[in-house]
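The same chain A turns up in both complexes below, where it pairs with chain B and then with chain C.
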Partner chain A sequence: MTQPTGVIHDIGYRHYDGVRLTRGYAATALALNSLRGAFGLGRTARSKIIPFLIAGTMLLPAVVSIAVMALLKEQGLPYSGYAVTMQAVLAVFLAAQSPYLVAPDLRFRVLPLYLSRPLKVIDYVGAKFVALVVALFLLLAAPLTLMYIGELLVELDTPVRTSEYLASLGGGVICAVLLAAIGLALASFTPRRGLGVAAVIAFYMFTLAASGVFFGVFESENQQTAAEWSLLGNPFFLVDAVQTNLFGTEPSNGTGYPPGIAPAAITLAVIALALSALYLRYRKAAAA
Partner chain B sequence: MTILATEGLTKRFPRVTALDQLTVAAGEGVTGLVGANGAGKSTLIKILLGLLPASAGRASVLGMDAAVQGLEIRRSVGYMPEHECLPPDVSATEFVVHMAQMSGLPRTAARERAADTLRHVGLHEERYRPIGGYSTGMKQRVKLAQALVHDPKVVFLDEPTNGLDPQGRDEMLALIRRIGTEFGISVLVTSHLLGELERVCDHVIVIDGGRLLRSSAIGELTQVTQAVAVEVEEGWEQLARHLTEAGEAVAVEGRLITVQVRAEDTFDVLRDAVCDLDLNLVRLEQRHGRIEDVFK
Partner chain C sequence: MNSVVASITYRAMLGRKRVWLLALLPVALIAIAVLLRLIGAGHESTTVTLMETFAIGAILPLLGLIAGTGVIAPEIEDGTIIHLLSKPIPRHRIMVTKFAVAASLMVVFAGVPTFLAGYLMIGTEANVAAGFALGAAIGGIAYAAVFLLVGVLTKHAVVVGIIYALVWEGAIGGYVPGARKLSIQQWARTLADQVTTSPALKPDVALSFALPAIVIVTVVAVIWAGQRLRGLSLTGDE
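So, the complex of A and B:
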C-alpha cells in the first residue's frame, strides 16, 4: 500500500504583489500569441493544416532551386521575383489567416475584455497588425533565406547574389506590410470568419483580374505606358514596382514599371487608407 | 475609503439619456447596483472603466478620474461583462493566463495566478478543456476568474447571476460575498433583483432611468422592506380585520395578506391572531422587497 505523499492545504486567497508590466509588454504578448495562432500553434490540429501546407508550398520552389544549383551548377530562381511567382499562395494565406486574427474577438465579444485591461485600441490593433506582418514576412523570408544559404554552400561560378537577396527581403517587408493592412482592414468588417476569408480572396481575385484585363487591352493597343500603370492594380506587382525602383532589382512582369516614386507613393497611400479604416472600425467597436 | 464616486454624471446617446445627473459614492465591501434593464447600469460601468466619455459630470474610481486616467483605473480594476465574452476554442486555463498577461503579469506569474483563481471560483479538471463545451455556470466562473486573475483592488461584476439556475445563483452569490470579505477586494455588482443583492451587499444603490432612486446601507433597506406574507385557507378577511384592529399595517392582494413588520412582536401578534381565529395556515413567508415596494 502506498502512503499519501502530500497533503493539500487550503491557504486561502493570496494577493499578488509582484511586478505589473506596461502596455508594451501586454501588446507584445498579444502579438506573439496572434503570430503563433496564425501558424496554428497552440490551436487545434485542424487549424495547423492550412498554414503548414502553405508554408510547405512556399518552400518548395526554393528547394527545387537549390537542387538545380547543386546538380546542374546553374543559377537558381531569381530572389526578386519570388513574391510575384508565389502570389497566389501568399494570397491564400492572407485570406485564411487575417480573419482568424480579428473575427473571433469580434464574434465572441472578447474585445471588451481586452479593452477593460490597461490596453488602448491602438495597442490591440497594432499587435494584430504586427503579428500578421511578421507572419507574412516569415513566409516569404524563409524560402529566400533557404535559397541564399543554398547558394552560399553550392559555390557556383557566378558571384553570390547577396544584394539581390537583401533587396528581396526589403521588398518582402513592404509586401508583408501592404498585404497585412489590406487583409486586416477587409477581415475586421465582419465578425464572421468565412465571410472574411471570402472578402479577402475576392479582393485579390478582383485586383488580379482587373489589372490583367487592363494590361491586355492597353498592350494590344500598343499603349505601353498605360499597360505598365495598369499592372500596379495588383498589390504584388505594385510591391515589385516599388522594389524595382527602390532597390534596382529586375522587374518580374517582363515589361517594366512606371519609373520614379509613383509606385511607392501609391503603396504608402493604400497602407495608410487600410490602417485608418482598421483603426476607425475598432474605435467604433470599442465605444459600442 | 471611497472606491468610486460620481458627480452629476450624465450620459446622453443620440436617442436616449442613459444617465441623468447621477451622484453616488460607494465605499469598501460589496456594493449592489440595482435597476431594471436599461436603467443605465452597464453604461455607468463603462464610464467608470474610462471606456466611454461622459456627456457631463465627473466619475472617479479609487480616487482616479475616469475621463483621463482610464488606463491606471483598468490596471487596478477587474471587469466581468454581462454578455458572453469567451472564445470557444481555447481552454479556461489558457484564456485566463492570456488575460492575466494582458493586465501586465509576467508569464510565470500569470500561470500561477490563473491556477489559483480558477481554483477559487471552483473550476477544477475541466479547466483544461475548450470553453466551448462548458455549461453556463462554468462559463460564468471563467468570466469571474478573468476579472480576478490580476488581483484587482475593485471588481465590477455586471449581472453575474444571469442565466444561472437557483443552485448556481446561490454559489455565485456566496462567491461574491467571499470576494468582498475574505479576498479583500471591493465589489460593485449589478442586478435587476434587489432580493438577490440583499443577501451579499453591504450597501445598495438603486437607479432607474439613469437617475438615483436611493443609496443606503443594507440595514436601512431591509428594515424598510421587511414584510410578511400570510396565506390562510379561509377567513382571510377576518384575519385582516383582526390584525388591523391590533394596530398592524395590512395590505390585501387577493387571498394574500401582507403585513409590514413594525417591531419584533408583529410576528407574535400574527401567530396569535391565526391561532385565536382557528384558521388553517397555508403559507407564512418573508417578503423579499422588490424595487417597486421600496420606492412606492
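So, the complex of A and C:
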C-alpha cells in the first residue's frame, strides 16, 4: 500500500480572474507616480516645501513681467531667455528631485520587486526619465504660458510674440530632456540622497564656473570664437545655443553662439551618453 | 575631541564614494589652472578671476557642503547615529570632533589645491596663491561649520545648503550688494585680500566686519549644532 507523500490543500484563497493589465500600464503608473512625487504630491508635507517653493520662484518673474506689461505698457521679459535667467532655480530643482526619483529604490534594494512584474529595466528607467522630463518642462512651460496669456490679455501696441513663445517651449523640451538625462545619470550612481544632490549640483556649479572662467579669459584676450565655444560648457547655454540656431531666437548671453549644428550635436551626444550610463547602471543594479 | 569618533568619521568620509566628489573638484581646479597656463593666459588678472569665480565661488561651497553635511547627515539619515549617541560621550564633544574632521578635510581639499592652482598659474607673484589659499581654508572651515549645523537641523541639508550657496550667494548676491555682507564667500575674498597685493581683487566687505563675522558664525554654528544634538529626535525615512 502506498502512502500519500504530499497533498496540496485548497485552503480557499480566491483566485484573481480580473483583467491582467499590460506592461505599458505599469510603466505609465510608475511614471505618473514619479511625476507626482517630484512635486511632493502624495508625500509628506515637508517634502512639498522645496518643490513648491521652487515652482513659486519660477513663476515670480512671469508675474512681475505681466505687471510691467499691464502698468507700464512695455514689453515684458523675453521668452527665449527665461531658462537661462532662471538656471540656478532649475538646477536646484534638478539636484533636489532627481535623487528622490532614483535613490530610495536603490537604497532599499526594491528593484527586483519592480522587475518581478511585467516591467522591464528599460520601462523602469524610461518611466523615471519621462517623469523628470515632464516635471522640468512643466516648471519651465508654466511661467512662459502665464506670461503669454498675460501678453494676450494686456494688448500691447507691439505685435504678440507668438513665434518666440513657441520657440521657447521647444527650447524648454530640449532643456528638460538634457537636464533630466544628466540629473538621473548622476543621481543613480549613489543610493544616498544627500550625496546624489551634491553630485548633481556639483556638476552644474562646475560647468557654470568653468565655462565662466574660460569665457572671461578668452574674452579678455579678444578670442571671440573661443569665448563663444567655451560658453557651451554650461548646459543652459548649450540649450540656448541650440534654440538660437534652430528657431532663430535672440541669444541670451549677449554675444552669440557658434553657428551650425555643432551645439545640437553636442546636446544629442550628452543626452545619449547620460541615458546609456543610466541604463547600464540599472542593468547592473537589477542583476544584483 | 574624541579620537575614536574622529577615526570613524574619517573612515566614513574617505572610504566611500564621497571621497570621489571631494577629490575630483580640487583636481579639476588644478587641471583648469594648468590648462590656462598652457594656453598662455597665466597672468595675474586671470589667476584672480579663476580663484574668485572657480576656487572661492564654486569649489569652496561645494566642498564645504560635502564635508560639512557628510560628517553627520548620513548617520542621522540611516539612524546609525543612535549608536554614537548612546555612548557616554558629551554631545558637544561629538560635535566638536565632527567639526574638526570636516575642518581638516577643508584645509586639505580646498586650501592646499587652491594654493597649488595659484602657484601653477603665476608662482608666488603678488602673493595671490597664498592669499586665496588662506581665504579658502578659513572660508572653508566656516562653510563646514554652517553646513554641519544645517545637517543636524534638517533632513534636506544638502538642498538647503545649495539654495544658500547658489541662490543667496550667487544670484541674490550678484544683484543686491547688501546680501554680500552676509556671505561666507565674500568674507573669504576679504581674507584673501589681506595677503595678496594684487589690485585685481576688490573685496566688497571690510575686514573689520568679515573677520569677527567668520569667527562668530563658525563658533555659534558648532555650539548650536552640539546643542541640537543633545535633543535630537530620530524620525523614520519617508
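One rule holds in what follows: the second predicted complex is superposed on the first by the 275 of 288 C-alpha atoms of A that agree within 3 Å, B and C clash if a C-alpha of one lies under 4 Å from a C-alpha of the other, contacts with A are read in each partner's own complex, and residues count from 1 in each chain.
Keep this in mind: a contact is a pair of C-beta atoms (placed from the backbone, for glycine too) under 8 Å apart; a residue touches a chain by one contact, two chains touch by 3 or more.
The structure presented is a predicted model; accordingly, all values stated were derived computationally and were not measured.
In the superposition on chain A, A:L166 makes contact with neither chain B nor chain C. By the touch criterion stated above, A:L246 is placed in contact with neither chain B nor chain C.
After overlaying the two complexes on the shared chain, residue contacts for A:L21 are found with chain B alone; chain C is out of touch.
In the superposed pair of complexes, A:V154 makes contact with neither chain B nor chain C.
Once the two complexes are laid over each other on the shared chain, residue contacts for A:N33 go to chain B alone; chain C is not touched. With both structures placed on the common chain, the touch criterion links A:R43 to chain B and to chain C.
Judged by the touch definition given at the top, the superposed model places A:R117 against chain B, while chain C stays out of reach. With both structures placed on the common chain, the touch criterion links A:Y13 to chain B but leaves chain C unconnected. Once both structures are placed on chain A, chain A residues 43-44, 104 are touched by chain B and, in the other complex, by chain C. For chain A in complex with chain B, the touching residues are 12-16, 18-23, 25-26, 29-30, 33, 42-44, 104-105, 108-110, 112-120, 286-287.
Put simply, chain B touches chain A in their complex at residues 49, 51-52, 71-72, 74-75, 77, 79, 81, 83-89, 94, 98-99, 101-107, 109, 113, 116, 120, 146, 150-151, 182-184. Considering their complex, residues 17-18, 21, 25, 28, 32, 36, 39, 41, 45-46, 49-50, 53-54, 57-59, 61-62, 65-66, 69-70, 73-74, 77, 155-159, 162-163, 165-167, 170-171, 237-238 of chain C touch chain A. Interface of chain A with chain C (complex): residues 43-44, 46-47, 50, 88-89, 91-92, 95-96, 104, 189-190, 192-195, 197-199, 201-202, 205-206, 208-210, 212-213, 216-217, 220-221.
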